[in-house]
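Paired with subunit B in one complex and with subunit C in the other, subunit A is shared by the two complexes that follow.
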Partner chain A sequence: MSKISEKAAALLQEGAIKMIIGYEQGTEHPRPIFCHTPEDCKKLIFNDQCKNNLAVYLTKKEIVDNDKIGVIGNFYVVKTVIQLFLENQIHLDHFLIMTVDEAGDIITFGNIDEMKQYVASHEPPANPTVLAAIEKIDKMSREERWAYWKTELSKCIRCYACRAACPLCYCNRCITDVNCPQWLEPWSAPLSNIEWQINRIMHMSGRCVGCGECAAACPLELPIGLLTKKMGMDIKDSFGEWKDGNVLSTYKVGDKENFIH
Partner chain B sequence: MIEQNNNNFEPRIIAFVCNWCTYAGADLAGTSRIKYASNVDIVRFPCTGRIDFMLLLKAFAKGADGIIVSGCHPNDCHYTSGNFHARRRWMVFRDMLNFLGIDVERIRWSWVSAAEGAKWADVVNKTVHKIREMGPYTEYKKAAMFLEKEKISYE
Partner chain C sequence: MEKLIIKLQDINTWLDQIIEKVPRVIAPIKYGQKAEFALIKNATDVHYDSQTTISSVKSAAFPSTETLFAYAKNGPDTKLYNVAEENFVNTVIWRARPCDAIAFKPMTKIFNSDYQDELYNKRYEKITLVTFACNKADEFCFCTSTGGGPGSIENSDAMVTVIDKEKALVEVFTEKGQQLIDLAKELFEKADESIDKDAVLAKIPQKFTKEQIHDHIQNAFKSSIWKAQSERCLGCGACAYVCPVCTCFDIQEDSHGNQGRRIRCWDSCGFQLYTQHTSGYNPRPNQAARWRQRILHKFLYMPDRLNIYGCTGCGRCSRACPVDMNIVEHLTSIANSIHE
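Right, the complex of A and B next:
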């Protein structure tokens, strides 16, 4: 048994923790697993391929009841937990947040400050293909950009996998499900597909942790990850580094803008 | 020369303004008998912070060629911080629109106070002039009308 499995099994045996969410080997990629018994824990793995943002389960009432739950997640899970905590969406005493270091040992976070410290020092480098794609689009003329996004996003079937995969898309009633007023047509149509993405990005702005799960979840492999990444870069340019993820719910009197005159 | 000018095109401008400053400013422009372009339809909001970005997109989808968004000057907001919050949102929104290839040049952002009737007239005139040169904004409308064309009517 690996160190992760041993530790997880021990935690479940102690009894304080009722379930552990982690990764197991899937057919192609690792996938989430919910361990209820020490035997389940044998399947737990952790490597670079473990991409799923497990924090998406932490706001689901049907999964998280009143029991204490352990999570063995990657860097982005930890970052998302901080964001969810700052937005008062989760109680940290209901969770034991863990991650795995390079040597395969489990790191357990006792409080939010430890998580913040870890996140500050372990940020993974940005995906170079994503950066290259953003640069390519930036170099296009405005008409080309519009044509590009219109073509790409008109393929969207509006399955809302991007919404489901995102741990920070937790609204009980999504703007696209509301029909009074109906801001967006909920079915697939060229313009409302674009408007849906604009809404998704605007609602994520300053909160997005950059895990890229929206793009990974897209069954049509649309480049929607570029939008969140670009928005993150723009926000970094305008307002500085990700600190507590509340860029749009706060302001500075001296915000520098160059378009209002 | 006259034939080359697009005389038929009259831009349709929608102005989203805050109740306390720009709306009062537009009112002042009226009571001061300042003449300005009549292409603008003013929509009054309680505060610039209330102007949802979806409203701008809806305006484009429904046929606006240009948009004016205006409110109180910084530090003058009736609700203390509405325009500061709005300003941040617009900074993000503008970058996003630009990345998606939506024409941000057609949206004019401005601060117009209740005392600036003349400035309001100037903002409207300049915007109308600019949009008249840019021509009608058809790209967005076309995408919006896509399904209309595909619609099958059952008698």
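Right, the complex of A and C next:
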């Protein structure tokens, strides 16, 4: 049994933790697994192909109750947990957040500061393919850019896999599901698809942890991850490094922008 | 049924003839590393390298968004406008797979189970299905477990089976299929009886039978298996939207002052909102209940009510799922145990 499986099984046996969410081998790639028994823990794995952002489950009422849940997630899970905590969406005492180091040993986070420290020193480098794609779009004229996004987003079928895979899309009722008034057209059409993505990205700005799971979830492989990434870069240019909180709803008297005074 | 032979090098000539005569020809085109059905203008647009497409071809008869009717109010009068006849055009679906062709049978039954859906029927009547038998399959394919197969001729108008590097067998089953042959008669010759279609078909092991699933789930409404299987499900609509049989839709209003249109667009039983009542009560309150609905609908309610199953074994839902809700795996586990 791997060190991860052993540790997870021990945690369940001790009884303080009722369930562990981690990764198991799936059909082609690793996928999320919910371990309820020490036996289930045998299936746990961890490697650089473990991409799902497991933090998406931590705000689901049907999964989280009063029992303590263990999570063995990747870097982005830890980063998302910090964000969810800062947005008052989770109680940290409901969870035991863990990740795995290069030697295959489990790292357990005792508190939010330890998570912040870990995240500050372990940020993976930006994906060069994504950066190149953003650069290419930046160089386009306004008309070309409009044509590019219209063509790409026309293919969107509005399955909302991007929304469902995003751990920070936790609204009980998404704006696109509201129909009194109807803010967004909920059917698939070029303009309403663009509207939907603009809304999604604006709601993510300054909050997105950059895990890329929205793009990975898209069955049509639309380049929607470029939008969140680019928005993140713009936010960083305007407001500085990702610290914590929600940059677009954080107001300080000392903000340099004049329009807000 | 007629069996013909066409040289592989002549297939594009045949297809170009079809494109010239038929206003709408839909076929798989290259889409990134994969393939998607799209309108084609040239035979060379067709992408033959992918086993299957990301989405099914159901949108040819059941578009993701369609206008049901339009209206305009002028004082006390309201005028209604039906969908114009020119919206229903002759269509050839080229290089469908057997699992795509079969899917139109359950779809047609659903759209005629009590109300006869005129829009669906008008579109479907205009479709001719040219299916290509599968000589390859991937690990998500399971058509042999749902009653189909890599060479299944069910519901196709014509079927092309590539026999070797030079020729393909063309089986013609319907008048519609024959009309396509007639567009380029000179390219075909009678097939020799010795041609062995089965020998070139993909080998897809049968993992269960659909009847076995039906029997195992008929008393399983309260089983714990639904929660166990659906725990990782994110509740998106990817599986339903790429499925060739899923037909759930929503009705929306696109109104602008005194005019507007009523729209039908795809919906999914995987969404929480799908069954949410105005009061806030939700009879399918969690993902387990929604996943159960998906499986029971396809393998219990449809066979019991419509005498047809709602799954063709194409595997698209599994390929599209962000968290690998592999339906074969889940169905196999249902088939191998008793659930109550």
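Just so we're on the same page, the second predicted complex is superposed on the first by the 250 of 261 C-alpha atoms of A that agree within 3 Å, B and C clash if a C-alpha of one lies under 4 Å from a C-alpha of the other, contacts with A are read in each partner's own complex, and residues count from 1 in each chain.
What we mean here is this: a residue touches a chain if its C-beta (ideal position, glycine included) is under 8 Å from a C-beta of that chain, and two chains touch if they have at least 3 such contacts.
It should be emphasised that the depicted structure is a prediction, and the values quoted were computed from it without experimental measurement.
K.L.:
Between subunit B and subunit C, which one contacts more residues of subunit A in the superposed model?
P.N.:
Counting residues of subunit A touched by each partner, the higher count goes to B.
K.L.:
Could you look at A:238 and tell me whether it touches subunit B, subunit C, both or neither (first, second, both, neither)?
P.N.:
After superposing on A, A:238 lies in contact with subunit B but is clear of subunit C.
K.L.:
Could you say whether A:177 touches subunit B, subunit C, both of them, or neither, answering first, second, both or neither?
P.N.:
Second partner only, subunit C.
K.L.:
Going by the contact rule set out at the top, does A:189 touch subunit B (first), subunit C (second), both, or neither?
P.N.:
After superposing on A, A:189 lies in contact with both subunit B and subunit C.
K.L.:
For A:160, is the partner it touches subunit B (first), subunit C (second), both, or none of the two (neither)?
P.N.:
Second partner only.
K.L.:
Considering only the touch criterion stated at the top, classify A:63 as touching first (subunit B), second (subunit C), both, or neither.
P.N.:
second
K.L.:
With the two complexes superposed on chain A, say which partner A:27 touches: subunit B (first), subunit C (second), both, or neither.
P.N.:
Second partner only.
K.L.:
Would you sort A:217 into first (subunit B), second (subunit C), both or neither based on which partner it touches?
P.N.:
In the superposed model, A:217 contacts subunit C only, not subunit B.
K.L.:
Kindly classify A:255 by the partners it touches after superposition: subunit B alone (first), subunit C alone (second), both, or neither?
P.N.:
first
K.L.:
Which positions of subunit A sit in both the subunit B and the subunit C interface?
P.N.:
Shared contact residues on subunit A (touching subunit B in one complex, subunit C in the other): 189.
K.L.:
Quick one: in the complex, what on subunit B touches subunit A?
P.N.:
Subunit B reaches subunit A through residues 53-54, 57-58, 61, 74-75, 81, 84-85, 87-104, 109-111, 139-140, 143-144, 146-147.
K.L.:
Over in the complex, which subunit C residues touch subunit A? Could you list them?
P.N.:
The contact residues of subunit C facing subunit A are 31-32, 34, 36, 54-55, 64-65, 139-140, 231-232, 234-238, 240-242, 250, 252, 254, 263, 265-266, 268, 271, 273, 285-288, 318-320, 322-324, 326, 329.
K.L.:
For subunit A, which residues count as touching subunit B in their complex?
P.N.:
By the definition above, subunit A touches subunit B via 137-138, 140, 142-150, 183-184, 189-191, 194-195, 197-199, 201-202, 205-206, 227, 230-231, 234-235, 238-239, 247-253, 255, 257, 259-261.
K.L.:
Spell out the residues on subunit A that touch subunit C in their complex, using ranges where they run on.
P.N.:
Answer in residue numbers: 26-29, 31-34, 52, 56-57, 62-63, 155, 157-161, 163-165, 173, 177, 185-189, 213, 216-217, 219-221.
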